[in-house]
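Chain nomenclature is as follows: A, B, C and D, assigned in order of appearance, with residue numbering initiated at 1 for each chain independently.
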Amino acid sequence: MTATLAWNRYGKAQVRLVKVRRQHDPHEIVDVTIDVQREGAFEPVYKDGDNRLCLATDTTKNTVYAFARQDEINHVEAFAERLATHFAEQPAVSRARISAVEHPWQRVSVAGQPHPHAFLRPGGEQWTVVAICDSEGTQVTSGLTNLVVLKTTDSGFSGFPRDKYTTLPETADRVLATSVTASWRYRRGTADFAVRDRIRQALVETFAAHESRSVQHTLHAMAEAALDVCADITEITISLPNRHHLLVDLKPFGLDNPNEVFVATDQPYGLIEATVRRT
Amino acid sequence: MTATLAWNRYGKAQVRLVKVRRQHDPHEIVDVTIDVQREGAFEPVYKDGDNRLCLATDTTKNTVYAFARQDEINHVEAFAERLATHFAEQPAVSRARISAVEHPWQRVSVAGQPHPHAFLRPGGEQWTVVAICDSEGTQVTSGLTNLVVLKTTDSGFSGFPRDKYTTLPETADRVLATSVTASWRYRRGTADFAVRDRIRQALVETFAAHESRSVQHTLHAMAEAALDVCADITEITISLPNRHHLLVDLKPFGLDNPNEVFVATDQPYGLIEATVRRT
Amino acid sequence: MTATLAWNRYGKAQVRLVKVRRQHDPHEIVDVTIDVQREGAFEPVYKDGDNRLCLATDTTKNTVYAFARQDEINHVEAFAERLATHFAEQPAVSRARISAVEHPWQRVSVAGQPHPHAFLRPGGEQWTVVAICDSEGTQVTSGLTNLVVLKTTDSGFSGFPRDKYTTLPETADRVLATSVTASWRYRRGTADFAVRDRIRQALVETFAAHESRSVQHTLHAMAEAALDVCADITEITISLPNRHHLLVDLKPFGLDNPNEVFVATDQPYGLIEATVRRT
Amino acid sequence: MTATLAWNRYGKAQVRLVKVRRQHDPHEIVDVTIDVQREGAFEPVYKDGDNRLCLATDTTKNTVYAFARQDEINHVEAFAERLATHFAEQPAVSRARISAVEHPWQRVSVAGQPHPHAFLRPGGEQWTVVAICDSEGTQVTSGLTNLVVLKTTDSGFSGFPRDKYTTLPETADRVLATSVTASWRYRRGTADFAVRDRIRQALVETFAAHESRSVQHTLHAMAEAALDVCADITEITISLPNRHHLLVDLKPFGLDNPNEVFVATDQPYGLIEATVRRT
């Protein structure tokens, strides 16, 4: 049998980096988990066990920390770009991919004042960045994940087709809950990474205000709102799991349930995903 | 062989309850996961397979939802007390234990104004309640978990004993990070469940302000501060995992590291726990 | 306000230890995660920030690895006893608790023969050990967790009381599935730690063979069987979450469902726990 | 602004299905978690909130269970194909994707004999299937995940390049541990889904026997072995996280460590992935 190495990728995953900017007063902190992956012409490593091209993944990890010492990391996007460029320049590498998840911290407030060096990590929501460097240049994608939102009204689902397996009743008023994952591409060369908060606010406000006829319908409105508030992004991909809140049937106990008591379920769940692109 | 049923407990775990208070304008929401457990004289159930005393755990779940319909659930503590009392009154039950985890939601703000029916769940931090009802009456414990905090200075660890297995250097300035779990007991009969926020603030502010000589030292100061701000609590138990932030050695790369670049580690971790009681 | 340190405990959690016994042919391997916790008279550490009694948790971790070098670790129980005794002898310590979770590996088989140095970790099931050393001596508890079993028949649930919140129908034939957690105490001084496999087999065989009238009923039979096969254990505690398999209602689609198609649910779940003691 | 729906996909995730084949003696069981996703011309659903094309994800779930009643599910692959074909035929759908994870159960053995209706779920390893149906026809991919293996010798890593960030020493003898994820494509039209066990055995045996110069080197040998034992598969993709086992430095305690005592680490980890294709 003859076989060919059709695709390959290697690197270090889950490099946990915390940087304290101490020269700043008050202190600032950045907390990020980074994956580095490289593709390229590594056939001798795989086929012959010849490691002359195989930079150790341990070296990859060291590089991340050494770069972090020499970089302010004001935007994780820019830091990811620098890492991607560095790794793409190594022998045999055709493509370097940096994936970063940023864990946001808030400054603790004491007696109503921001504290100079104590922080609180709310958990849940995270910022994401992917930077890919290849012969075409560098492409950065920013995003967020685990942004959990819910609305208690202004959401219905009706008019859908009914086949022989359909039992779901139509509803004009349901609870809509989801955990938003979104990522957006910047126009090449012009990225202002400070737009994150504006995009996030557009997503949240649209979720809140939209008269939803389906998860798809709200997803599309959120995507349009994000494209509207930031001319520098060319497309946005949104993933919305439907975190079903099922109305509990209380009739067996002689009670009504006027859309008040729900069981929140984990599985199964509807999953709606789409990319909306500026034209 | 003869054997005796030395202890037993049964019930329903992970009952997911979401209640929307729609008669309020704006809507309010409570989101809680509840465990119900009963102890008692259930020998015939275990030994003989006689189920005449064995209320189904499914019934337990139904009861939680039916009670939720008829209760405002302004405080999860009071709701847990009612459930505990109900289950403790059933045949054969000597002790009922309700354990609840509340998942906090914040109101979404749109254009600077709170939205009437859209919410955001920050994730991470959760409120906890345990209500136990037995022949002594009902005891309520409130708490919080997964409150993640970090300080970039004002923390040292030195003067500790050095035995033959000690390699840790002394430090006068380290990053201190932890995920706080705390629970406190109310004086019987007088509980004002609205004190939660005050206790939480005392814990956070003390963590921030304390000149820490060890995790133990800071834990004790936090506990005292909580007892100080709320005369109705008689004791507090705090658990502080030490989320070690290890300084990265950059010397091999010709770089210094003036307390700036850290690797955040998950395991192993120091774990410090104590109960401080008012005397 | 005056406050007293009512209880305290500290140590290192999640120490990941893998030992290869290379002097053996074929190689043997032990893989264990260890928690060390100490209680004692540590008031000065908490109240005054005086660390002279506070052995670093980092030292604790080092000690585990140093002991592992000098011990065959033929039984995790005996290794845990040695560690507990060591830590209990340190200044101020009144009680040392070692908790260990062993991750079992199986030898890979190649062409039907056991391989001398390749192993497969099936995952799921784990062995557990707790050794506590205090002024009373040392007490060892062994156990297992995450042993997932299911039977497709020989399980019913009927004859239970029906109150106003009961909707569950009686059943004479249901799927019974659970994840067994068990722990048993050895008679002091006489423990033969090789009995694990025999106890595990008694638990599994009894689960399979028992005509179950309830989870409680089967739990009790399993406990008795374990006590029967090993005279050296004095009591056993078993925890059985009821992993409900709900029959899917296929009538809306013109189909019957003669106990064939189920939805396996994660939550909520019944939870049954008991201790059975030899008398 | 004008925007276009560049890509979209929706469906039901995490449908938990357990089927008992009772007409068989002894009983047989299949346990699987299924995701259904559809792509297609759903613009009116997204843009206009017009649900006439939007089959409810609840209907999708019902369909899975109804099909399960009418299918033996002897191979999850064939069941996934049937579902994919069904969903691809619905209005507006251009592509249906079924992703399934099978949780294997073993028959309990009692007194050395297989039990007719009691099962044990070892946990850990899972089988995976993806079936995609579009205008090109149906493509099935089978695989496995979470197959955890370790070898205590016959693994080295040396000869790799040393740049300014390289500190890793060369080693001729290290512990190699990984969690194998693999997936393979069948030649269209000829798939014999019974080859799974043969491919798995080839992967495990090659891992065990290979004189490894790197993870890449072993991955390639495993892929070739899989292609060798099954002429019906055209390519295989393997992902191998390097579960680093770091030798503990015991010199500070006056002890050597002849490759015996290791700390098993979770993060960071090397991650090696490749596709090997028959030519």
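Methods note: a contact is a pair of C-beta atoms (placed from the backbone, for glycine too) under 8 Å apart; a residue touches a chain by one contact, two chains touch by 3 or more.
Note that the structure is predicted; figures quoted are calculated from it, not measured.
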| field | Partner chains shared by chain A and chain C (touch criterion as defined above) | value | B, D
| field | Taking each chain's C-alpha mean as its centre, the one farthest from chain D | value | B
| field | chain C and chain D: spacing of chain centres that average the CA atoms, whole Å | value | 29
| task | Report the inter-chain centroid distance for chain B and chain C in whole angstrom, where each centroid is the mean of the CA atoms. | result | 24
| So which bits of chain A are touching at least two other chains? | 16, 62, 66, 165, 167, 252-253, 266-267
| field | Residues of chain D that touch chain C when the two form their complex | value | 16-22, 27, 29, 31, 62, 65-66, 68-70, 105, 108, 110-111, 115, 117-125, 146-154, 175, 204-205, 207-209, 245, 248, 250, 252-253, 255-265
| Considering the complex alone, what residue numbers of chain D touch chain B? | 164-165, 167, 252-254, 266-267
| field | List of chain D residues in touch with chain A within their complex | value | 1-16, 35, 37, 42, 45-59, 61-63, 66, 91, 157-161, 163, 165-168, 212-217, 219-220, 223-224, 227-228, 235, 237, 241-242, 266-279
